[in-house]
Structure formats: structure tokens, C-alpha cells
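Each of the next two complexes has chain A plus one other chain: chain B in the first, chain C in the second.
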Partner chain A sequence: MAEKVKLFVNGQDVEVESGKNLIDAIGAVGIEIPHLCYHPALGADGNCRMCLVGIEDGRPPLVPACKTMAVEGMKVQLDTDKIKKIQRDIMELELINHPIDCPICDQAGECKLQDYYMEYDGQKSRMTVPPVAKAKHMDFGAGVVHDQERCVLCARCVRFTRLITKTGELGIVNRTDSARVTTFPGRPLANRYALNVVDLCPVGAMTSKDFRFKQRAWFLAKSESLCHGCSKGCNIYIDHNKEKYKDDIIYRFRPRLNQQVNGYFICDEGRMTYKLENDNRLNVAQVAGKETSVNEAVENVRRVFSQAKKIVMLISPNCSLEQMQAVKKLATANNAVVSGYSDGYIKTGDGDLFLIQDDKSANRAAFGLLGLDSSKAGFESALVEADLVISFQNDLCRSLDDADIAKIQDKAKIVYIGSYKDGLGEIAAITLPVAAYSEDTGIIINADNILQQYDVAVRKNDPAIDLLQIVTLLGGEFKNREEVLTDLSATIAALNNIDLKHIPSEGIALTDKEVSNVAA
Partner chain B sequence: MQVKVLSARFDIPDAHKIEVAKENGAYATLEKVFSMQPIEVIELVKQSGLRGRGGAGFPTGLKWSFLPKNNQKPVYLAVNSDESEPATFKDRHILVLDPHAMIEGIIICCYAINSHDAYIYIRGEYTTQVKVLQAAIDEAYAAGYLGASVCGQDYRLDVTVHRGAGAYICGEETALLESIEGRKGQPRSKPPFPAVEGLYGCPTIINNVQSIASLPFILTNGADAYKAFGTEKSPGTHLFGISGLVKKPGMYELPLGLPLLEVIEKVAGGLREGRTLKGIIPGGSSTPVLTPEEAQTVTLDYESMAAHKTMFGSGGIVVLDDTVDIVKLVENLIHFYHHESCGQCTPCREGLGWMLKIVKKIIGGNGTTADINLLVELCDNIEMKTVCVLSAACTMPVRSYLNKFRHEFEAYVKSDVSCQTAM
Partner chain C sequence: MSDRSQLIETGVPFTFDAQRDAEFERLVKRYPTRESMILPALWLAQEQEGWISAEAIGYIADRIGTFASQVFEVATFYTMYNLHPMGKFHICVCRTLSCYLLGKQEIVDYLKRELGIKPGEVSKDGQFSLEEVECLGHCGTAPVVQVNGEFYENMNVDKLKELLATLK
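Our next item is the complex of A and B:
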């Protein structure tokens, strides 16, 4: 625990963490100091002047809170007439050259200028002269659109490209009220994290080409989830909306703070994987190329399952821990072999030192925890004599070429139980749609052995059956997810002391030792 | 009234050349300097009472003593030659007419603060000055006053000239450091102060050209000789640039403490025939204006200016007579500071442009009394809310014109009202 210091805020005793600036220290106990340019991941810049606070007996008596560390005994004044007037004055100056085009601005509803105007300003415009005209809808590249007139020049985006991605595409040119954020000629934003500037922008100056004009922020339900784009397990918000007479649709992913996983950011590729959740979905069951009802498909799966002599259950590294355990137990009960073979999910060399991982699956670490084999040799030996391959979300076509798949088809029937229109779904004898992770609850373990839980975000009008239910229908021993969790806690040594039913939002870091002990 | 301390060699032909400068006393004091301990040099400068000549008037010796003790990092000297304040034209004379006085001063200062690298940040527009200065530095290197062994001592000193690119803000000491480091010239938040964390993160002293050029005289003749000029709290001499509507505008060296009006009359030749005094800008465009009544009792020193709620500034005196339109003067003034705002802090970036547009509106005959009141309020709203004092350098004088010459603003507003009713 960090050391505590006692401050006086507006005359009241407040105990805060030392070593933090006043915005973070006082903010942690629920007292807001308005600010535009400061961001905890980008440090203090001190340009917006919105966080000026009074320090009683201080030298100087007026300081930017972002640049001032909390010190024992400090008397911070936020509610004096002087500070309130400064906040109002700064807001007025922020707004005189702002287009105030909230009705057509995507940021409306989640805009600091709007929020602060309501909270700290509220006065009528005194602007009787023409505002400064600047460039609008500039395509900055990487799907980022910039509006210079809305910009408050807080330089968060500039600092992001300098400090975080270290690519430095953005800068502020010109002085005075001609100052503007721009790119170098012919050098657009070109980094794999560029869309974070849209989240970082406190106003509507940076918008996402993909998202803009699609939804108003206040209509969006913001559900917590985990990105499944790679094995980092970045924490996200799934912003979705079910409009009247329409289905529940995801409009964007946004990063959600988790200091031990992804910090404040996510990569652009992961951010765009929301599209897979909406489109490219396996929506209908098929038997021998013909559309059928889900019930009929389930019956067909049950029939081939009971008739098969030797079954290979192919599990995806994207399945949740619970799904893997249920499939594993089902296989054991039916003398089937489970394989997690999924080499095609790994793009060697694609990862970087920040968030992006080579492994494009979310839960491969659970293979180790549950002792599931994912080697090619293991899969090939399991195929010998097999007459049924049931894939649980595993798109084998990513790992094998057409010829290899054809060879398997010669000997065995392929059943695909999945959420997406993958290659395997196209050719399987039976396809059965199940809920995707955005519609389901589950546990995944990321590349750094951090165990996290995601919950149901999207509720479709016609919800797909979840994968655990299918396993139950095939004769699996667990009636529901709770039973799987109980079993996991009881049988997996690394999870013995973990309450899987109450996983903290920041996740649980498993030690390498715990994971390898069980896998061995 | 005029004296010859800083300007002693100004009238000597070719004094910018090292032989001529040396014949007339340049570099003569260095032997004495190197026989002293650095701390003794600092003490002597403290005793002389020399105050920073860049405008703020901070005691030079005291500034040097703020350097951290037991410092392991290099110490830098940055000489501020970014003289850009409107009505200020003193340092340019030193740079062209006696650059060796400044180089000698740099050697003295660096020895005192234990610095081996000095940067001269020179205003980009000073193209003539930079040539003369660089030639003088080259001469000083050739003569062994700069380089690996200064005056044969075991003391290295390198001097680098860094040309600005034309931004007034780079005269602000931390913006100056940013610019030397190759970044956009924008002031840094303080603390940390440059004496602790300045150029390249190292302790740095930033002194004005005239402060540095004053050092050889002090070291040669002692603190008392320097204090013989000026007043108790404002000792020494100063290069005053007197401009505006006087008969003999120009640069004059004067001891501090002389009566302002007497100087204008006797040194600058007084007002043109038939004209009356409207006001005096005492120390560069950023200092609040003095009315003729206030000017009666003002003397040219820091304490008298402060007592009259203005500032000594940079010694750039501008005399305004009855032909001056104060509202247009204010427009010109805000135009300058608006143009030169670095654009970093919201109040200065947005506010000065707003003020300029309001003044233009008033001049255009579309102003109202509310606009005048808004100008006054904006001065308060902007001032001292920013990282540096550029915005205050605009709002302080503007407020003084609004307070002392409000009737001129109202005349613009009222003439418009009568026009409208006539229509």
C-alpha cells in the first residue's frame, strides 16, 4: 500500500495516496478536479489550465493540480469564488472558437467540454466577433478523422504518438490561435494503436471513421468484456445498442482500464474485431448442406455422436476455461480424444513489445492448465481410426490446407459447433451455431497467466444456444456453468484457492509455478 | 547626464575587433578573475547590486547562487540575446559595437558558476549582429580567450551561438531552452526552475546580454565603483532606448535613478514643437503606461517604477504625444502579443485573439460599452493563469490604457451610437 498523506480539501480532512498529483490523489477519493490535457498514461502537460486550484498559504497560491504533488498538510481550495471563476473563465475561453456543433458531433454525450460547461460554466456566450476558422474532417489515416475547430489543443494525441507508440506522426504547428494538430505532409497516422487517440481526445476533434455518425453515445449500452483478438486479453467496453424493432448490434469496442493487463489502451486490430461479432456469424444450423432447425441439428449431432466408433474432439484456444473443461470431461466419458491443435491461430512475428501478441487466440494458456494437448503430432495420432471429428469453435482450416482437410473428410465426419462462418463451418457435415463470447460468460487466461472473466454483453433477439448447453445435450456431466466452476476449483490444483465465482475485475495473476505444476 | 560604462568603447572605431577592443581594455580583467575563487566572483557581483537587465530586474549574483550545491551535472550558461520586445533596442548595440565586452562577461560568469559551455541565443532577425558576434567569438578563440584553455588556465570554455527563428516567446527563458534543445519554443512549467533543471536537464543560468556585459566593469573596478552609479536598490548604469515622439530618439547610457521627464527633455530633446505629452511607456511595450501627471514624480529605477504601479522593464522608453490614438496603439499592442503567443495555454492562445477582435470591432465603429467592459474583464481572466507571463505582458499594459484612457475608447463607441441615431 502506498503511503498516505492528509490534505485539507475545501477545509475538509482527506486522506490520499502520496506521490500522486492532486488530480489523481483527490480524484481517488471522489473529488473531481476538472482537466483536459492531463491523462494518467501521458503525464502532466499543464496547457489547458482547467485544473488550476488554490493552495492556502501556498507559494504560489494558484497552481495547476496536474503538476502539483499531494503533500502532507496541503490546503487545497476548489470551492472558492476565485477558483470557480477561473474554471468558468477557462471554459469560456475554450469555447469561444469552438464550433459548438454538438448536434452533429460524435463526441456529444461523452464530451468533456459539454460536461464541464454544465458543471463549471453555464454562462451565455459573450462572443460577438467571428471565431477562428480552421480545417474540418481531415483524414489523418488509420481511420482517424480530425476536426481542428473542435480541438482544444490539449496535445494528448500528440503525446500519445510520442510517448506510447513512439511513432510521432502528430504535432502542433503554428502559434497562438492558429495552432493546430496536424500530420507531416504525406506522413499519415500509421501505427497499430492509432485509434486510441479517438478515446484520448477529450472533445470531438478526433473521431473514428468507422464509428462516426453511426450512433449517439447516449444510446449505447456499455458492457464490460475482454477482447478475444489475441492472447493479451485486453479489457474492453462493448458499446452496443438494440434499437426498436432491430437486433442488438455492437458499434464499437473501447479500451477499459486494467493496469495489470492493457493499461488504458487496445490495438486497432483488436478494436475492429467487433465486426466479427456482428457480421460473419454462423446463424443457421445445417445438416449435409441443408438448413435445418437447431433442434434437428442437435439431434443429428447426438446421433452421429452415439454411433461413432472413435471420436476426436477439437477444441478452440478461444473457448473459455469452462467450455474446455466440459468438453474434456465429455471426451473422457466417451473414450474420445481432445485436441487443441490450432497452429493456424499463431502468426509468428506479428506481435510487438506492447500489447499485440503472436497468438491470435484468447485462452491458449488454459490448455496448459487443463493438460490439453495441442500438438500437431497429438492431433494426427488421434485422427488414426477416427470416424468423427467434432470441432468446438476450432476452425481447423486455419491450421491445415484443403488437401489435409479432404483427407480427414475421407475417413471421418466433421461436425462444427461454432459461432462464426469459418472455413470449417463451410465444409462440415453438420454445423451448429452457438453463442459468441460477446453473448456468453466465461473465463480466459491470457498470455501472462492472468485469469479474467467476461460476461454477457449482447442479447440477441434470437439468442444462440451456448456451447456448454450443447455439451450437456451430448451427455456432458455438468448441468450448468456453476457446476463446471465447482469442478474446476476442486480438480485443478492451481485453482484450488481461487473463488472462480467471484473473480475481481482486474483479474487474478496465476504464477508460472501454479500453471506449470498442473500442466506437468 | 550620459555616462560611459557599458558604452565606453561604442564610439571607438572598429571596437568590435579584438585588437582594438584589447587596446581599450577588453579582457584585461581576466587575470584578476582567475586569481579569485569562483565564490568570490559571485560575492563581488552580489555586492555590486547588479540586477538582471532583461526586464525582470532579478539580482544577478543571487540568481547564480541558486545553483544546486554538490552538483554532479554540467552547468550551462545561456545568454539571452533574443531582444524582441517592442521599443527595446539596447542589446543590439552591445552585440555590434562591443561584442568582446559580452564575451569577457561570459568568461567571468562561466568561471563563477563553473560552467564550461555557454550558449548565446540570438534573435533570428539580428542578421548583422550575429555575423559580428560570431566573428568576435572566432577572434576570441584564436586569441586563446575561449577554447580548451582560457587565458592559459586549466579551464575549458566553449561558446555556441544559437540563432532563433523569429519567435518573441523564445526570449522567455525556458522557451529559450526548449528552442536550443531543438523543440518548439514553448515555456516550461516552473518549478523546476532552470537553475536546478534547465538546458538538457542540467543546472542553467540564463542572463541578459547587458547583464553579462556589465560584469567586466564590476570585476575591474569593484562593486563600489559600480554602485557609485544609480540608487541604493538600483545601482549601476543602463542602456535606455528612447523612442516615440521626441526630437532625439536613440540609445543612451544613463545611470539609474534619473527623473524620467528630465531625461526626456535633456537627453532625448523633448517633445516636438507645439505638442503636449499624453503618456510614457517606461520600459518596453509590456509595461503599464504612465500619464503625464504620474510621470512628474517617476525616476528611472526599479523602486520608483514599482511605486507608480508599473515596471522598469527593459529600458525601452516610448514617449506618446497628443497625436497618438491610444485605441489604435492598444490594437497594435494586442496584435503583437496575440501573434507571438506560443499557443500552449488556453487563456493566452484564445483570449488574446478575442481581445484583438474586440478592439478591432471598437475601432471599426461597431463597439459598445459592454465591449470595453469585456476587455477589462478579459485582462483579469487571462492574466497569471498561464505557464509564462506573455499574456500578462499584454494584459498589464492594456489594462493600464483602459483605465487611464478609457475616454478614448468611449469616444469610439459613442461616435458610433450618434451615427446610428442619425441614420
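Our next item is the complex of A and C:
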């Protein structure tokens, strides 16, 4: 716990954390100081002046809260007439050349200019001259579309490209009322995190080409989840909406703050994986290439399962910890071998030093925790006697080529239980759709051994059965997720002291001793 | 200030000539960081070509090792950097507060009529170019006009007529 200091805010005692500026310190106890340019990940720039506050200690009449640290005994004034007038004046200046095209602006509903106008301004425009015209819908590259007229010149986007990605594509050119954000000719936005500028922009000046005009912000349900794009497990919001007579559809992923994992940002590729959740879903069961009902497919799986002599259960590094444990126990009870072979999920050299990892799966660390083998040799030796391979979400086609898969098919039946239209689903003898992570609850452990939980976000009209239920139907010992959690806590030493039923939202850092697994 | 962000691309790569190259290397040693070379390097490019092209800005950024966007910012901020070829006589009129209040608009309107060009343009014969600029630091003697860097203070239309007559 950080040290506490006592402040007097508008004459009231408040206790805040020390070592923070007034915006963050006072904001943490629920008192808002309006600000446009300050962002905790980008530091204080001091350019917007919206955060001016009074400090009664003889310093200049007003100071920017973003650049003022909270110290013991400080007397802070936020609501004097003078401050209110300044806030109103700044809003008036911001709005002089603003197009106020909220009805067609994506940001409407989550726009600082709208919020602050209602809260701190509220006056009619006094402008009688036409506003300065600037460029609209400029394609900045990397899926970012910019509207110069909506920009309040807070420079968050510019600072993001200079301080965070260090690619520096953006700049503010010209000066005075001509100032505007732009890119240098021939050097567009070209970094793997560019879409974060859309979230950072306090107004609707930065928009996502992908999301533009798709949904009004206030229709979107914002559910907390975890990106499954790689083994970083970035915290996200799944913004989705179920329109009347339609199904629950995801419209975008946005980063969700977790200092321990991803900070304020996510990568662009991960952000776009929401499309897989909508469009790449496996939603029909198939037996021998023919569409069937889910029940019939389940019956077929049960039959081949009971008839098989030697089974290999191929588990995906994207399965949750609970799913892995349930499959592992099912295998033990049936004298089957579990393999996590999934080399194809690793793109060596693709990761960077920021968020993106080589391993494009979300939960490989759990293999180590549960002692699941993921080596190719292990998988191959398990295959020797096998006459049935059941894949749980594992798209073997990512790791093996057609010829290798054909060899497996010669001697063994392949059953695919998965959520996506994967290669293996197309060639499997039985294909059974199950819920994807956006529709399910589960635990994953990221590349840095941080254990986190995701919850049901999307509720489809026709919900898919979840993978744990299938395992139960195949004779697995657990009746529900609770039972798996109890078992995990009891049998896995590293989890003995962890309450898996109440995982804090920032996750739990397992120490290195507890998890020995490294990507295969 | 007019929009100066529409850079002109010549299609020809830019490099410093031998003299400016040597000058760049001499100056760079004077500063603690290479970014400090943005202003002098832009001057060198302008001295060499008379104006600064997109290629010159890109070259300077790469030569210094900074972002092109940053050099672009500096080049467009200061109206003393010419971002297109100028007329033989380059006329700047201050448009900031003191000059504004003391009648810069009459001066600009007169020049527009007389020269047939708007701020940011060059006359067809290449004789004149016109620019509205921010405070030139001579507010006490506003309104202020600058021709090829030289100041003309306390200006009005009559004085401007006389001045134009001498520019040939």
C-alpha cells in the first residue's frame, strides 16, 4: 500500500495516495478534476489548462493539477468562481472551431468535450465568424482515420507515438488556430499499437476505420475479458450489442487497465481478434461430413470414445486451466494420453519487448502447472497405438502439414471439439462446436505467470455448450466448474493457497517456483 | 496564419552540398543533443535552395536521427522558413494582436488587390510573394510589414504604396 497523505479539498478532509499528481490522487477518491491532455501513461504535458486548481499556500494563484504532486496538508480548491470561469473560458476556446458534429461522431457518448461542456460550460456560442476549416477523414494508416476539425490539440496521440511506440509518426504542425495533427508525407502510422490513439483521444478526432459508424457508444455493453491473441493475456473490454431480433455481436475490443499485465494498451492484432469471435465461429456439428444436431454429434463422440482402444486427447494451449484439468482427469480415468502439442501456435521472432509475444496462445503456462506434455516427441509416441484422437480446441493443422495429418487419419479417427472454423474441424470425422472464451468463464495464466480470470461476455441466442460439459458427458468426474476449481486448489501445490473462486481483477502473480513451464 | 502543412514534394532526393554538409558537422558539436540541430539544419536547407521541400525535411530528420514529424512541426511553426519557392520580394504582414488592432487587415487587403495574390501565394511573374505571419516582436510600432527580412514599422496604406514603388 502506498503511503497516504491528508489533503483539504474544497475545505473537506480527504486521504489520498502520495506520489501522485492531484488529478490521479484526488480522482482515486472520486473527485474529478477535468483534464484533456494529461494521461497517466503519457505524463503531464500541461498544454490544455483545463486542470487548473488553486492551492492556498502562497504559490501562484492557479496551478495545473496534472503537474502538481499531492503533499501532506495541501489545501486544494477546485470550485471557486475564478476556477469555474477559467474552465468555462477554456471550453469556449476549445469549441470556437469545433464542428460539433456529435450526431455523426463515433465518440459521442464517451467524449470529454461533450461531458465537460455539460459539466463546466453550458453557455451558447458567441461566435459570429465561420470556423477555421481543416481536413476531415484523413487516412493516417494502420486503420486510423483522423478528423482535424474535431481535434483539441491535447497531443496525447503525438506523445503516444513518441514515448510509447517510439515511432513518432504524428506531429502537430502549424500554430495558433491553424495548428493540426498530421503525418509527414510518405510516413504514415506504421506501428503495431497504432489503434491505441483512438482510445487515447479524448474527443472524436481519432477514429478506427474498422469501428467507424458501426455502433453508438451508448448501445454497447462493456464486458470485461482477456485477449486470447497471445500469451500476454491483455485485459480488455468486449464491447458488444444484441440488437432487437439479432444476435449478440461484438463490435470492438478496447484495452482495460491492468498495471500488472498490459498497462493501458493492447496491440492492434489482438484488438482485431474480436472478428474471430463473431465470424470465425464453428456453429454446426458434423458427423462424417454431414451436418447433424449437437446432440447427435455428442452421442457419436460418446460412442467412438467408448469403443476406442487407445485414445490421445489433444488439448489446446488456449483452453482454460479448468478445461485442461478436466480433460487431464478424463484421460487418466480412461487410460488415455493427453498431449498439448501445439508448436504451430508459436511464431518465433514475432514478439516484441512491449506486449506482443511469440506464443499466440493464451494459456500455455498452465501446461507446466498441470504437468501436461506438449512436446512433438511425446505426441508422436502417443500416436503409435492410438485409434482415436480427440482434439479439444487444438487445431493440429497449425502444427502439422496435410501429409502428416493424413497419416494420422489412416490409423485413427479424429474428433474435433472446438469453437472456431479451424482446419482440423473441416477434416475431422466428428466436429462438435463448443462455446468460445467470449461466451465462457475460465482461468488462464500468461507468459509472466499471472493467473487471471475471464467471464461470460457474449450471450448468443443459441448458446453453444461449454467444453467442460462435454467432458462431463464423456464421463468426466466433475459435474461443474466449481468442482474443478476445488480439485485444482487441492491437488496442484502452487494453487493450494489461492482462492480460485475469488480471483482479483488484476490477477494473481504466481512465483517462478510455482510454475516451471516455459513455452515449448 | 495560413495552413503551411501542404509540403511540396520535388521528386528529387535532397542532400546538403559540400559547404552545408561541413557547416552541419561543425554546428552539431555545439549542442548537447542532436535534436537541437533542427533549427540550424532547416536554415541551411533554406540557404541552399531558397526554400524547404518535403524531401529536405525528411533528409534533415534522418540526418539528425529524429522523427520527420518533429522537423515538420518546427518547419511549419516558424513562418521564416519558406515551404515553397518565394517571390523576388517576399512580403510578410504581422497578423497578431497589436498589428491586428492597428489595422493589419487594410494592409493585407491592399496587398491582395495590388499584387493579385492571397497570403501563401506567389505572383505569376515571380516578383512577389505574400504571407500573414505571427508576432514579429515589434508590437510597439505596429502594424509591421517585413520585406525580405527587413522591417517596415507603423505601416499604413500610403506608406505601403511608396514602399511597393521602390520594389522592382
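Just so we're on the same page, the second predicted complex is superposed on the first by the 514 of 520 C-alpha atoms of A that agree within 3 Å, B and C clash if a C-alpha of one lies under 4 Å from a C-alpha of the other, contacts with A are read in each partner's own complex, and residues count from 1 in each chain.
One rule holds for everything that comes next: a contact is a pair of C-beta atoms (placed from the backbone, for glycine too) under 8 Å apart; a residue touches a chain by one contact, two chains touch by 3 or more.
Keep in mind the model is a prediction, meaning the values are calculated, not measured.
Engineer: Identify whether chain B and chain C fit side by side or clash on chain A in the overlaid structures.
Structural biologist: Partners clash after overlay.
Engineer: So in the superposed three-chain picture, is A:V76 touching just chain B, just chain C, both, or none of them (first/second/both/neither)?
Structural biologist: Neither chain B nor chain C is touched by A:V76.
Engineer: Taking the superposition on A as described, I'd like to know which of chain B and chain C A:I346 touches: first, second, both or neither.
Structural biologist: A:I346 contacts neither chain B nor chain C.
Engineer: Going by the contact rule set out at the top, does A:G46 touch chain B (first), chain C (second), both, or neither?
Structural biologist: first
Engineer: Which partner does A:L93 reach: the first (chain B), the second (chain C), both, or neither?
Structural biologist: first
Engineer: Taking the superposition as given, does A:L510 touch the first partner, chain B, the second, chain C, both, or neither?
Structural biologist: A:L510 contacts neither chain B nor chain C.
Engineer: Figure out whether A:T176 sits in contact with chain B (first) or chain C (second), or with both, or with neither.
Structural biologist: In the superposition, A:T176 contacts both chain B and chain C.
Engineer: Check whether A:P130 is in contact with chain B, with chain C, with both or with neither, and answer first, second, both or neither.
Structural biologist: first
Engineer: Using the touch definition from the top, say if A:C234 reaches chain B (first), chain C (second), both or neither.
Structural biologist: neither
Engineer: Now for A:L153: first (chain B), second (chain C), both, or neither, which partner does it touch?
Structural biologist: first
Engineer: In the superposed model, which partner reaches more residues of chain A, chain B or chain C?
Structural biologist: B
Engineer: Given 2-10, 20-28 or 92-100, which one is the stretch of chain C whose C-alpha atoms run into chain B?
Structural biologist: So the stretch of chain C that bumps into chain B is 92-100.
Engineer: Could you tell me which stretches of chain A are touched by chain B in one complex and by chain C in the other?
Structural biologist: After superposing on chain A, chain A residues 172, 174-178 contact both chain B and chain C.
Engineer: Chain A touches which residues of chain B in the complex?
Structural biologist: 167, 169, 184, 189, 338-347, 349-354, 357-358, 360-361, 371, 374, 381-382, 384-387
Engineer: Going by the contact rule set out above, which residues of chain C touch chain A in the complex?
Structural biologist: For this pair, the touching residues of chain C are 1-5, 7, 9, 54, 57-58, 61, 66-70, 72-73, 76-77, 134.
Engineer: Please output the residues of chain A touching chain B within their complex, sorted ascending.
Structural biologist: Per the touch definition, chain A meets chain B at residues 44, 46-50, 52, 62, 64, 67, 86, 89-90, 92-94, 96-97, 126-130, 132, 152-153, 172, 174-179.
Engineer: Would you pull the chain A residues touching chain C in the complex into a rising list?
Structural biologist: 134, 158, 161-162, 167-178, 180, 182-187
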